[in-house]
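The two complexes that follow have subunit A in common; it is paired with subunit B in the first and with subunit C in the second.
For the complex of A and B:
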């Protein structure tokens, strides 16, 4: 293991690392400038536990009901050798009848470790890509690997279908319903960016074996319940745009070693769990450690990061806590107090703030006139 | 003789009046005793109503508890299907074509119990409910149950086997439904669920013809049969050569060996 790996292991402490998922990668690409999240995710820290220990438990992630519903729908679609899914793929995407082979990659001979499953996935997919016919059509829960911030992250698409016009198609099964051909835009967008992560990972995997990116389709198959029933319906979605966004943001995601190098030596987020899993480290000490890594809080974090309440509390009084748009409107000044100070015209603004100060004063004057107040 | 519903109605009404009077008198003890009696009367009323109700399905007066032990019921369903199946399918087949439902959750421990029984006294029972084996690693296939008396070829699962087995199951169910003069709604629904996922099995959306389902399933089966039989046969030969008796029934756990290699 390289020095960065050792360093990240120490930051995490002696617990098993958390898996990066397509969801977290999609979220990561939403806030690539946040060093705190990058370090926590790269080290595989249990953010939920960490946030709860420092006194800011968050309800991030899916609700248990949503997860159960999602799993039930997925199980239904995949039951009996993907019977329902095969029907969909045959009807909408004209999958030939004889292509019905199904491989479950959930476990390999009773072994569910990530490394073994990944190796098995590589083997089967490579065989399928190289030999073409008769080498598998549906691959259930393959385990892919994508390097994020210099560290491998394991990903598990719902299904990969091969032999749809000779290419691999990532298939994503989601339990939100498509009503009258319309689905919730946010949910579709999230599903599409997740699938884009899988397509990227899949292309990486095949590239390692010298197989070109054209063998993985730019289009993904999204399977959702139709209207108010449980009947699945399928749609092809183009992910080219999301792929470009992701690729750019993953490369922009500052390399994790340069982030880790500037952290104080001996830094750790180890909660010192005892045998019963109860943290013994003082919350204040943990919070201190967390603060030593810079965060970039934005209101969007509330939707996709477990540390959000901690960071929001820390960012209180800064303009960025009000959102990027507001911050830009206020001329990029960091603190709300400074903004108010300038708007009231108290004190002399610094040279680089002169222009903003004038705008703010005008805004304050207009507001006062509207409300009939004295400035 | 139990009281009739009308009598119970009347008694509950009287008791309610008495409770109100007792409360007005301030007789808390008396009121409590009367309310206890009222509750008993109401329970008796509910029981009487339930007895009076016609069964949920006419002509299908199922006794409350199943008459056969769980493993026998599973064996029945699997014998009908003739292919390895998951708990959910076993349960719905039993519900539709035999008597009473098997809760799918109760099937999760069946395989483990059977394996324990086999290991303590091998071949003491006429049959065991065992695992289906994956063709590549001869490991137990997830969530599938099979019968130990079946030939190994039927119990190994290659890549095409889930589909082939699905189609075989459809044929079997269709044949069985055909034999019933008045198939229950459950049976028709089960058949319909199979039919919608087999090309050419449903002519009209609302109508399912067992003969048509069997025909359509058979013709798709012919497409896969060759390749599937080949994989299964070679895997079965391997299984018989490499595995001991217990492993042949319950699969080998290659997990540890593989992870050491990786």
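For the complex of A and C:
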């Protein structure tokens, strides 16, 4: 293991590292400038446990009704060797699949270890790519691997990749509905970026075996329930844009060592769990350690990161905590106090703040005038 | 947003309480609004779980679906809701007012007042839209028959949710939208979507600051989410158990056990809904404290016209709103939305100096003291002398208008003011703008008092107005070009009857 790996291990402490998932990788692209999240994720720290220990537990996870519905829909689509899915691909997307075999990669001869499953996935996919015949194959639950921040992250997509005319297509099954051809934009965006992660991981995997990126289509198949029914419908979505974003993001993370290098030596987020799994380390000490890694809080974090409430508390009094639009309106000034100081016309603004200070003074005068207050 | 509103956010952080961003109320508030707080089952497209609905704060009606995945119960919910909402709406259709004709326009009648449904947030409005979509194509006889009121409810909900997209329309409003239009909090717009947190900033309980109240409001146990999404912990720890108990009791055939299970579920869901119900009424009360803006009544008249038109569609057996608009309808609708948006923004600025201040800050308007007036100035360049008074306005606002620009003063919207000259602010002196006025002064040789500003008046001039803009020309439906899919297939038969496929569409 390299020195960065050793540092990250110490940062995490003696517990099993958390896996990146397509969701966490996708979330990284949402707030690329956050060093705190990059380090925590690279080290595989249990952010949920960390946030709870420092007094800012994350919101409850998912409703069991949503989970049940998601699982039921996935099972329905995949039942009988993906019979429904095949019909869909033939009829809706007019894909010329004559017949298809089905490979479940959930386990390999009873072995469910990640390494074994990943190796098996590699072998099967490579063989399919090299055979070059038109036989479609559906791969259920392949285990992909993507290097994130220099460390391997195993991705357990509920995806199916099928081969068609020599190309793999990533298929993503989601249980949100498409009603009269329209679906919730946020959910589609999330599904698309997750699929992009899988495309990236598959291309990496095939590249290691000398197979070019063109063997994985940059269009993914999104399967969702249609209208108010449980009937699946499919749509092809282009993920090229998301791939570019992700690739840029991952290349930044590849330089995780430069982020780690500037951290205080001996830094660790180890909660010092006892045998019963109860943290013994003082919360204040842990919080201090977290604070030593810079965060870039934005209100969007509230939907994406377990550490959000800690970071929000820390960001109190900054304009970023009010949202990007507000911060931009206020000329990008970092602190609310500075904004109000400039708006009152107190003190001499710095040269680069002269223009925004003028704007803020006018704004403050107008507000006072309209509200009948003294300036 | 604007810098002015963003500054108000910064001030709210400083003071620990929301700051006003409007001095008048820009929405119409009915004397008898209907509040509608729906809850949906997580993970489903549109599975109603419960709702609190009614037009009196002390008399909410609770609707509960004991088995949210049961199709019959869903339509039962829709029918119960229809029995409350449809009579409420139809109660407004009988009373009409007569509008006198003018010129070529015939006199006509329209509803004297219109219904108003208030919802906690935009997600609630989306839920109403989906509920409308899943019920408006049903029919009352044949296979899969539903109560006759269900498709009527569906069409009204669809109509209302669609109107909610029109800026300035007040038939169906989200409380969070209404409040953020009038107050800026010290939190982000994302957090403003939480009604309890938003009201915490605007009107914190005694002894609490805005941020303290907002933080407390994020605790889903004390302040359950305002719906339609429920709190996942409630789902996992309470709801799942109660629904399972209900199913078990139903299977056992024990009536008493079934009733007990139902009551327990109703109580649990009522506890999730009641806090939001109270917040919704408080939001309305807070807004009622503001005087209405000058154009609010005119926009409400447009809402009354829309309701009258839709009621006519229903009465005449017209088809329900299509699943997707045809190309021409969609283009017309978009153009209308854009025009309404521009007009509504101008009206809000004309009604409210604090909103106008946002435009003054960006140079789209300016205001200041009138320092000189030539009330009897005549323009003699043409064949006949024309009354063209000039006024000089001194302003500290940024002035970005050019000579020759046509401006409007909110005080005299029928009068044109043309910029004659601009002297920019310099050396601690304010800018001076000379304007020439035309129109709105009668036909005499001097302008009557009150038709032009006087020296010492504080006057405002804007580069925009809410004046009539002719709609762009679109082809008739039958003339839809082939590039846009050709003419849409008209609904058959007339009057409308749902097809089997429509009436039997799954709702699972």
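Please note the rule applied: the second predicted complex is superposed on the first by the 356 of 375 C-alpha atoms of A that agree within 3 Å, B and C clash if a C-alpha of one lies under 4 Å from a C-alpha of the other, contacts with A are read in each partner's own complex, and residues count from 1 in each chain.
Operating definition for what follows: a residue touches a chain if its C-beta (ideal position, glycine included) is under 8 Å from a C-beta of that chain, and two chains touch if they have at least 3 such contacts.
Given the structure is predicted, the values throughout are model-derived calculations rather than measurements.
In the superposition on chain A, A:334 makes contact with neither subunit B nor subunit C. Contacts of A:69 after superposition: subunit C is touched, whereas subunit B is not reached.
Once the two complexes are overlaid on the shared chain, A:261 sits clear of subunit B and of subunit C alike. With both structures placed on the common chain, the touch criterion links A:323 to subunit C but leaves subunit B unconnected. In the superposition on chain A, contact of A:355 is made with neither subunit B nor subunit C.
Of the two partner chains placed by superposition, A:238 touches none, neither subunit B nor subunit C. Between subunit B and subunit C, the partner in contact with more residues of subunit A is C.
In the superposition on chain A, contact of A:106 is made with subunit B only, not with subunit C.
By the touch criterion given at the top, residues 59-70, 175-177, 179-181, 225, 227-231, 299-300, 302-303, 316-317, 319, 321-323, 325-326, 329-330, 336-337, 339-340, 343, 359-360, 362-367, 369-371 of subunit A touch subunit C in their complex. Within the complex, the subunit C residues that touch subunit A are 1-11, 13-14, 20, 23, 41-46, 130, 133-134, 186-191, 211, 220, 230-233, 235-236, 239-240, 323-324, 353-354, 357, 360-361, 396-398, 505-508. Chain contact summary for the complex, subunit B toward subunit A: residues 86, 88-89, 134, 137-142, 159-163, 165-166, 169, 194, 196-197, 199, 220, 223-224, 227, 251-256, 258-259, 262. The residues of subunit A lying in touch with subunit B in their complex are 79-84, 86-87, 90, 97-98, 100-104, 106-111, 113, 115-116, 119, 134, 136-137.
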